[in-house]
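Paired with chain B in one complex and with chain C in the other, chain A is shared by the two complexes that follow.
== the complex of A and B ==
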């Protein structure tokens, strides 16, 4: 016994949610080959057919790229702080990839282990995540190699399975998910399926061993020479979560803001003295791999990577996490038949 | 062609003329090529050249770790070769210390061809108006191709189509484009001519340009970037290709290129002898656009 919904009804439901004042985000086609998760203004813009593979991740909806923490006013020698009200609008992310949603419980740990980040937690609580089980993968996907998979339920409140005839099976996984679809689903005998996912396998233990033993290895430079030092990989990564704090002032008023930041930028570790402990790009690439496959696992017991492949898809020079890991392990990235 | 390329590079490495070849490697025809840095003659087998080799490798010539590999040979297409002319003009490279291998190019793939689509339909926008199919000013040329020059009108046809819109429509377009910017600076990092050791947006004592990926901060960045490339941008479109948000920076670059060409008769990357439009003063310079 399962529950299903027709795509037309699903789109109507999206319009209903928006009519209730909720914000809804999902994959949209910006142009020919650019699909991004964006806020929707109408349900027609939602791209759900096939397995949309947006270039960005859904972290933006709980951890915006730019966020005002509080404001301030200067009057002579007096400073008045102005609190930023916490968000109050419920939001729904629909047709998210399971590898995107799986990153949310990972981010939850970081945002709560020493300091409870009020902005993050508020947005997270206001968010319901509806994923679309993945029936397709490309040469950059490696979810199954890092403990995830095409129907990974972590972080999902409900999961859709494309039944192929304009109908979706809906599995409500949490109370939030049940509430969202209450009264909108039809009972059915049909059950959605996913394939086994990417075939590539990585030995995470041996990767950790390499990381622990080979910090100074000349291989780092060889493996990452083509990195040009942009932040595309980190910013489109569902799990990368570094930020910078800046003050933005206009006249006598200003705001303290939080902006995404990344270890791939040279300025990330620049000291006020002028010294930079990570003086070349390969050290910054090494840092990113270390954080994902050694530092985070040592602290929280899981990998800071869901194998979504966004980093490789957006890297202007065809790098990303997977090519580094395969170079480290000396295994082949892809068999021709695997490439979609 | 690939065999000749590999043979040439092997000779350069074996004779010690160069220490490293900056070229393209590819794991599988269905996966895009990627930059490789070949330092041993026995490794030249990984070098490839085909229409998927869209990356402009000249961006590596000014990078610390690549420079540390020693004297380079670099594989360039016609559009990439233009960057070398500007880099030399701006004293960023010593051309005599670089062996430039130019490959005849009939156009590279700009996007992902849709299933069943003619692959040529995915030819990069820059290639449709290319007039440097044979790379100029190189040391070694591989391959041959014929190609007629492109008229200026055709060169700027995409810009013309854009400029047919009202200023309000164009502003709305840029607002939508810039709203998607996440400030990953892929456009800057991939650019062979964005070689500043410290970019103005990274100056933080004090901050000159807002670091926020807000609409205001994004306008500030993109306009700063475009102006710094005015009269310098060689139109390789790498910024546009690299942008994960799909922002059409090409239109901005075209607008500046046309301003340089129409007002100063200058096209960046074509004439090694021509004085740089930004770096030179002439009494004949037009002043009508000032104030």
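== the complex of A and C ==
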């Protein structure tokens, strides 16, 4: 026994949600061959599945690119702080990839160890995530190699399975998911399924061993020499969460804001003295891999990577997590041309 | 409502002291009486201090945790934020978040001889521990302080060095780098590790806190080992660029540890387990 919904009904439901004042985000074809997760203004802009896959991740809906942490007013020598109100609008992310949704419980841990990030938690609580079980992986995908997969339920409140005839099986996985689809689903005998996903496999233990034993290996420079330090990998990554805190002041009012940042920039770790613990690009590439496959796993027990492949999909130099891991494993070096 | 962890307390500037051509220390108190009563910290912890309109910077809280009415921090005029902090005067308001990070294990050090070794601008994070030990003088053995800078004009908290030396069983050894001495310099001439080596420090059952430029630390470690100190007897305080101070912004890790949460205080034993990511 399953529950299904027709695509037309699903799109009507999206319009209904928007009509209720909820914010809805999903994949949209912004121009030929470029699909992005964006806020939707009408259900017909939603693109469910297919390729190319969205270029960005869904993290920006719970962890915005730019966010005001608090404001301040300066009056002579007096300073008054102005609290930033917490968001209150319910939001739904629809037709997300499971690898994007799986990143959310991973981010939850960082945003809540000891110190709780109230802005992140509020958005996270207001968000219901509906994923589409994945049927179209490409050469950059490696979810199955890092403990995820095409129907990974982590972070999904409900999951859609394309039944191929204009209907979807809907699996409600959490109370939020059940509430979202309450009254909208039809009973059915049909059950959706997905294939096994990407074939590539990685030995994560040997990767961690390499990271710990070969921290100073000259191989790092060899593997990552072509990185130009643009940081696109981190910005499109669903699990990268590093941020900067900066001041923005105009006249007598200002705000302290946080912006996405990346370990790929030299200034990220530059000391005021001029010293930089990661002064060359290969050290910064190593940091990104080391954080995902050693630092985070050692602290939280899982990998800071869902294998979505966004990093290598957007990298202008054919780098990204997978090409580096493959090179690290001593598997034959993959030429950049195979990845662009 | 859960508090916004990024929002600072407003602090009133009580006093600004200039130490060198480019180093000042600032004494601040909570503008809010309730927060002032609630606040406590342990020596070795740090704060994130801010000039509104310019940004935040990370500094050790260099006052003793026994001082209840205010805290102090010390900085070198280096970038945009410290330039703005350089301009503040008594009565101005700045921001403070903290305390963050680990602290010196002052209780574990009770009953032992203490060796404090510092170079240049690294005196503030040692100063808080020195005052704490002197204020609990009976709990510690001999206290030896070796403090050096390039020139006499680069030493900070010089007026306090004399005060410390007045305490019982407390020795203060001042030094400047060779060539940095002035005609009226009365202290030692030599690099910190060399001066420490020839100072005949009572190192029996001793613990050392060593903070300074990497080259000073590197050359001081063999001197301490020669004196018989083990890796668990030697401590330092690391610094790294930070933004959040609470383990989220992702930049201060040294290998597997976040300096803001698992540091900044590390024993040499802990340091030796870290990869070369300094």
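Assume the second predicted complex is superposed on the first by the 328 of 340 C-alpha atoms of A that agree within 3 Å, B and C clash if a C-alpha of one lies under 4 Å from a C-alpha of the other, contacts with A are read in each partner's own complex, and residues count from 1 in each chain.
One rule holds in what follows: a residue touches a chain if its C-beta (ideal position, glycine included) is under 8 Å from a C-beta of that chain, and two chains touch if they have at least 3 such contacts.
Just so we're clear, the structure is a prediction, and the values are computed from it rather than from any experiment.
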item: Chain B versus chain C as contact partner of A:216, first or second or both or neither; value: second
item: Partner chain(s) touched by A:84 [first = chain B, second = chain C, both, neither]; value: second
item: First (chain B), second (chain C), both or neither touched by A:55; value: first
item: First, second, both or neither for A:268, with chain B first and chain C second; value: second
item: Touching partner for A:117 - first (chain B), second (chain C), both, neither; value: second
item: Partner chain in contact with A:69 - chain B first, chain C second, else both or neither; value: second
item: Partner chain in contact with A:244 - chain B first, chain C second, else both or neither; value: both
item: Chain B versus chain C as contact partner of A:229, first or second or both or neither; value: first
item: Chain A positions touched by chain B in one structure and by chain C in the second; value: 244, 246, 272
item: Contact set on chain A toward chain B in their complex; value: 30-34, 36, 38, 55-56, 65-66, 139, 221-222, 225-226, 228-232, 234-236, 244, 246, 248, 257, 259-260, 262, 265-267, 272, 279-282, 314, 316-319, 323, 332-334, 336, 339
item: Sites on chain A touched by chain C in the complex; value: 69-70, 72, 74, 77-79, 81, 83-84, 86, 110-111, 113-119, 121, 212, 215-216, 241-247, 249, 254, 256, 258, 261, 263, 268-273, 277-278, 283, 287, 290-291, 294-295, 298-299
item: Footprint of chain A on chain B - complex, ascending; value: 27-28, 30-37, 55, 59-60, 63-66, 111-112, 114, 180, 182-186, 188-190, 202, 204-205, 207, 210-214, 217, 238, 241-242, 244-246
item: Contact footprint of chain A on chain C as seen in their complex; value: 1-8, 10, 50, 52-57, 76, 78-79, 82, 91-93, 239-241, 243-244, 246-256, 261, 275-278
